[in-house]
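Right after this note come the structures.
In the two complexes that follow, chain A is the common piece, with chain B as its partner first and chain C second.
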Partner chain A sequence: MIRFLAKRLGQAIVVILLVTVIVFLLLHSVPGGPARGILGPQASPQAIAAFNHEHGFDKSLVQQYWAFLSRLLHGDLGDSYTLNQSVGSLIGQRLPKTLVLTGLSTLVALVIAIPLGVWQGRRRRGLTDYTVTTLVFVGYATPVFFLALILVIVFTEKIPILPPQAPQAQTLGALFADSRALILPVLAGAIATVAAFSRYMRSAVLDNLAEDYVRTARAKGASERRVVWLHIMRNSLTPIIAMLGYYLPVLFSGALVIESVFNYPGMGLLFWNAAQTSDYPILLGTVLVIALATVIGSLLADIVQALVDPRVRGSIR
Partner chain B sequence: MTVSAPLMTEQAPATTAAGPYRRMVRMFLANRLAVTGLVILGLLLVFCFIGPLIHHTDQVHTQLADATLSPGTRGHLLGTDDVGRDVLGRLMVGGQTSLEIGIAAGLLATLIGTVWGAISGYAGGWIDAVMMRVVDAGIAIPALFLLLVTATILRPTVPVQILIIGCVSWLVPARLVRAEALSLRSRDYVQAMKAMGGGHGRAVFRHVIPNAIGTVVVNATFQVADAILLIAYVSFLGLGVAPPKTDWGGMLSKGISYTSEGYWWLIFPAGLAIVLVVCAFNCIGDGLRDAFEVRLQGR
Partner chain C sequence: MSDRTKGETVSDSPALAIEDLHVSFSGSGGSGKVRAVDGVSIRVDPGEIVAVVGESGSGKSVTSMSTLGLLPPTASTSGSVRVGGVDVTTLDGPALRAVRGSEIAMVFQEPMTALNPAFTVGWQVAEALRLHIDGLSRKQALDRAAELLETVGIRDARRRLGQYPHELSGGLRQRVMIAMAIACEPKVLIADEATTALDVTVQAEILDLLRDLRERFGTAMLVITHNMGVVADIADRVVVMYQGKVVEEAPVEELFAGPRADYTKRLLGAVPRLRPRGDERTGEPAVAGEPAAPGEAALAIENLVVQFRGKGGAKVRAVDNVSLTVAKGEVLGLVGESGSGKSTLGRAAIGLITPASGTVRLLGDSLTGARGSALRRLRRRCGIVFQDPASSLDPRMTVGDCIAEPLVINKVGDRDERVVALLESVRLDPAVRLRYPHELSGGQRQRIGIARALALDPDLVIADEPTSALDVSVQAAVLDVFLELQARLGFACLFITHDLAVVGLVSDRVAVLNQGKLVEEGPRDQVLFDPREDYTRRLISSAPVPDPVEQRERRARAAELRAARD
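This part shows the complex of A and B:
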């Protein structure tokens, strides 16, 4: 177990280093470089040269990368070109809100998808399985923004019961205080992921149905309900845990779209606005934070899987 | 790393009298969902590429006098958009962009991923470790975020978007093909070929990749579906191809400003077109998966 942990941790660190290299190279391919971004398009070549010298941008790539990395290790993500604030503090304000949005919609999605997948796996090849499979296919093919638009049209225009805009609160407490406005963004995120989650659950249940322990449990005389909801469901959850860790990039992409549709003041909206104004420190700072979250997420998923699943634990020794 | 591995099974030998190809075609045609997908895709291709030859519209100039006419107005079956362009004609032209970028980018991604994965899995050892960490790093950065960053650096024309989407979405096929290559490299026929003096290049391109072709083809269809969605997202977020060119995501992005006016024809046709084409590709992929026996048959 210790060896597995050390190896996985080492891999994660290498991956994070590679991500910083990618982000660093992207920052360098920005037209005009940071000098143009900060001094503006009117700056004279002399001013740019002076700026570059002052900030060490005239050194070799390797030296610059080293400086970039050591700034990152001190938690310095640079300053926004347009918002007159450090990227670190901007992301610090926005990240919790995005985590609330993705956390809530993932929770809702799991609550729907797990029973749905189990139920579908049990009724494989029946009419209901085909119907749900078709719905899942359509759900999987529907872009989140289209889904969000339909929700907006239905629940704010046709049946005006919900506000079309997400809560614009500064603090998390105020965010929850305006919980009615949270419903549509959370729902849009949840429906978008139910399709994938229930598909995973269905196939995990199908795998488990063929296992010997199911036959044993049935032979023992355990009720079908007990076999399905206790034995099979518990064992089918492991792949879902593993998948959640790897699903983080998808969830963040979904948040980006949902936040821009509902004007939800999270990290996705920050990123989107930065893309409109070419605010590269924010863009790349966000990419870095999300990549970090994904690497840590998949690391945790592997560890949790090793802890809960004796088969996985056995195979990593 | 374990996400896709359990889904793969080794290819069972297909040795029936009818021959493997006819058997595959039969398996595919027996899958009603897959055939439906193929038919839908065919119809959409005809609609987008042949349609404009029959339904002539001006998609370049704006006619503000004809703005937001409702569907059914003479000559405009689906109405007109906010600057007076015919929506039906725009749907065809936009579809061309979506399909061209989606298909080309999906194929490019599959190509890069296949070569990368095959070399990585075949080489093994530290080369494999390094190549797969690069894949891990790429997967950690969501493609949509990377695409938006590059769209602000480069002017998003069609070839640029194909190139960028291809370059950010090859990671999943790379992992899948690597898993195949790991098991294929120790097969007897690969060993025999090497004993006869064959090089590594020959092993990878003549033996590993052709034997992993099922995985590659199945994944390619899913890649195209994902690429079409990705391009729709980028356009919806306002960083797609520049006007007067458009694509389905871009059409929706303009429609969003008119939700409260009730101009549904600016939203639903383009949205449904995306859903249809992505569904079609996913259904075809599912059918191919059965035909190639990439996953357990009869699921």
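This part shows the complex of A and C:
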């Protein structure tokens, strides 16, 4: 287990380094640059040159990257150009909120998706299966921003029962205090996830229903409910957990859209605003966080999978 | 379980009585009904072992499934299946579940997939108990499960309880399946091809176990099998099924001594038997002439080692220092149990696996050092026939394209003519070249596999279990085609199989592999009838022969051998 973790940690560091290189190159190949974003379109060429010199943008890319990397190794993500705050503290403020949002919507999604998938798997090719499949595909195909807008229109204007804006609180406690305002953002995030995961669950259950061990369990005299919720469930969860780990970055990018629609003060909104002002340090820091989340997500998936599936447990020892 | 003895349960009423059973399946898309079982009646008395034999599609498995009400919802059933006087076909829901596993239990073919991979074997055996015995605590159930594992001959039962199916060998897994089946002391035990996936030595042990359980508990058994050797070994009475009907029913010795139905005669005639060849076919290679010099052998393997990375990064030798030669025009039978490395050796012989050390020479040229075009030129002179014709033919290519592919790759002209000639040589209608593999039967597909292997007129053919997936009558026909072609074309062949009777039929010489090492090699009659090594003797004595009288003697001999080894 320790060898496995050490190996995965090594891989993670390489992956994250590669991500920083790619993002660094991409950001610097975008026209405009931070000087125009901050000083405005009227800025004189001298002012821009002075700004670029001050922030080291007149050095070569390799030198700039090296400077970024050496600061990173000291735990310094740099300072935002526009928000007069260090990127580290900005992420520290925003990340927990995004985690709350994505965590809650994933939880809601799984609570709905897993039983739904199992239920559909058992009633394959019935009218209900087709109906649910259609609804799920519509949910899956609808862009998140559009879905969020529909939710806002329906639940704040047509049936005004929920506030259109997410809670603007600074602390997590205050966030939960205004929990009614959380419902729409969480729901918007959950719908697409429900669609994806109920499909995975449905096909996993279908695959497992055809397995020989199901016939054995029935031959022992196990009830259909026991066969499905105990025997099949345990084996169907393995692919779901693996998917969930790799789904983490997708959830994060979903949060980007949802946070900007509902004006939720999380990482997504931070990234969105920074992208518009070419605030390089924030963009780099956010991407780094997402890369880290991806790596951690897949590692967690492997570990949880080992807890569920004894065959995997043997191979990561 | 100990207080129920054979004498107590013997009565006039049968343990299992299937009467006039009809099962049909409504085809998907409303394409009419398919009759799988058509008026079958079978009676099994307490303590009796009845074998149901038949080839695939005979309805034997459907019959066995119907006894537990395990047929899919698309099946419609009529007739009765009485277990201890209760008609199972009339039950459903809780009443049916109460019978399943407690009155009548089943052992399935493939113990790897028939056990749930996510639960320990202890949990699974305990589940069988807890489903039927009220108020049994988890602890009590596990204690009882340990006793059951001991009953089925698993040593160290306590430790085994906590293991998962993938941690056990095939034989142990099947013992666990049996322990689960006998957990609630069922009156009837159904073994559906229960030994088919096992090695012959393990099969012999499982058959002994079944016999022993019958002695101890007086369980009635219905043994479903396609293997006439197994029938001869274990059955008291035999029911022969063909296309959903019972064609013959007789005590085992009568059936083998004097089969009455035409189908039974054909079936028994198709079963390969291990007999000394004598003068029927000489041990000489098919191509006449002086014995080939070692340098000219079709295949010469020297000190071959193939390694795989095993658990925890430790290297496992799948093939361990094996030297073999196959002379031109000779058929070398390579026998071994699963995991013996015989398939790996076959693959290494034509360069599909890179060996760790040792050399492979094809017709005098070194294969081990060859790269790129030199390797391809050498491979051109080899053909390979795989075990499963269903998965080794591309489902998206027509039969003609499958056979022509080696010709296309090697830019040989006149493809159509060649494909037609090849199909005719494997006794198939050339018209099948326009069809797709899934439209053909298993036997036809394997003939196509042979035709493809012979497309480039190879000097060496590797045949890896080519008939293992086929029914006996189909196997007989395919082997016949193979032997005729081998005699006519004179290719050398490495024939890999676990079936000793098949080896006896096709080989000039035989090599025996065990755990990656070459145990014994020599002329066919010497290895199969006068083996020098203990392992070979044990292997040969474990394979049941399709003759109940002879098989009884062999069983006694095998028991002696095992006793001597322990």
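The rule is short, and it goes like this: the second predicted complex is superposed on the first by the 261 of 317 C-alpha atoms of A that agree within 3 Å, B and C clash if a C-alpha of one lies under 4 Å from a C-alpha of the other, contacts with A are read in each partner's own complex, and residues count from 1 in each chain.
Convention: contacts are C-beta pairs under 8 Å (C-beta built on N, C-alpha and C of every residue); 3 or more make two chains touch, one makes a residue touch a chain.
Computed from a predicted structure; not experimentally measured.
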Contacts for A:S203 in the overlay, against chain B (first) and chain C (second): which applies, first, second, both or neither? first
Just chain B (first), just chain C (second), both, or neither: which does A:L151 touch? neither
Mind telling me which of the two, chain B or chain C, contacts the most residues of chain A? B
So, does A:R234 touch the first partner chain B, the second partner chain C, both, or neither? second
Thinking of the overlay built on chain A, is A:R218 touched by chain B (first), by chain C (second), by both, or by neither? second
Please indicate which partner A:V308 is in contact with in the superposed arrangement: first for chain B, second for chain C, both, or neither. second
Touch check for A:I282: first (chain B), second (chain C), both, or neither? neither
Okay, in this complex, where on chain A does chain C touch? 211-213, 215-223, 231, 234-235, 308-311, 314, 317
Residue set of chain C touching chain A in the complex reads 68, 70, 94, 97-102, 105-106, 108, 110, 113-120, 127-128, 131-132, 164, 166-167, 177, 180, 311-312
Give the list of chain B residues in touch with chain A in this complex. 2-3, 6-7, 33, 133-134, 136-146, 148-153, 225, 229, 232-233, 236-239, 249, 252, 255-256, 259-260, 262, 264, 267, 271, 274-276, 278-279, 282-283, 299
Write out the stretch or stretches of chain A touching chain B in their complex. 11, 14-16, 18-19, 22, 26, 29-31, 137-138, 140-146, 149-150, 152-153, 157, 203, 206-207, 239, 242-243, 246, 249-250, 252-253, 256-257, 260-261, 271-272, 275-276, 278, 280, 283-284, 286-287, 290-292, 294-295, 298, 302, 305
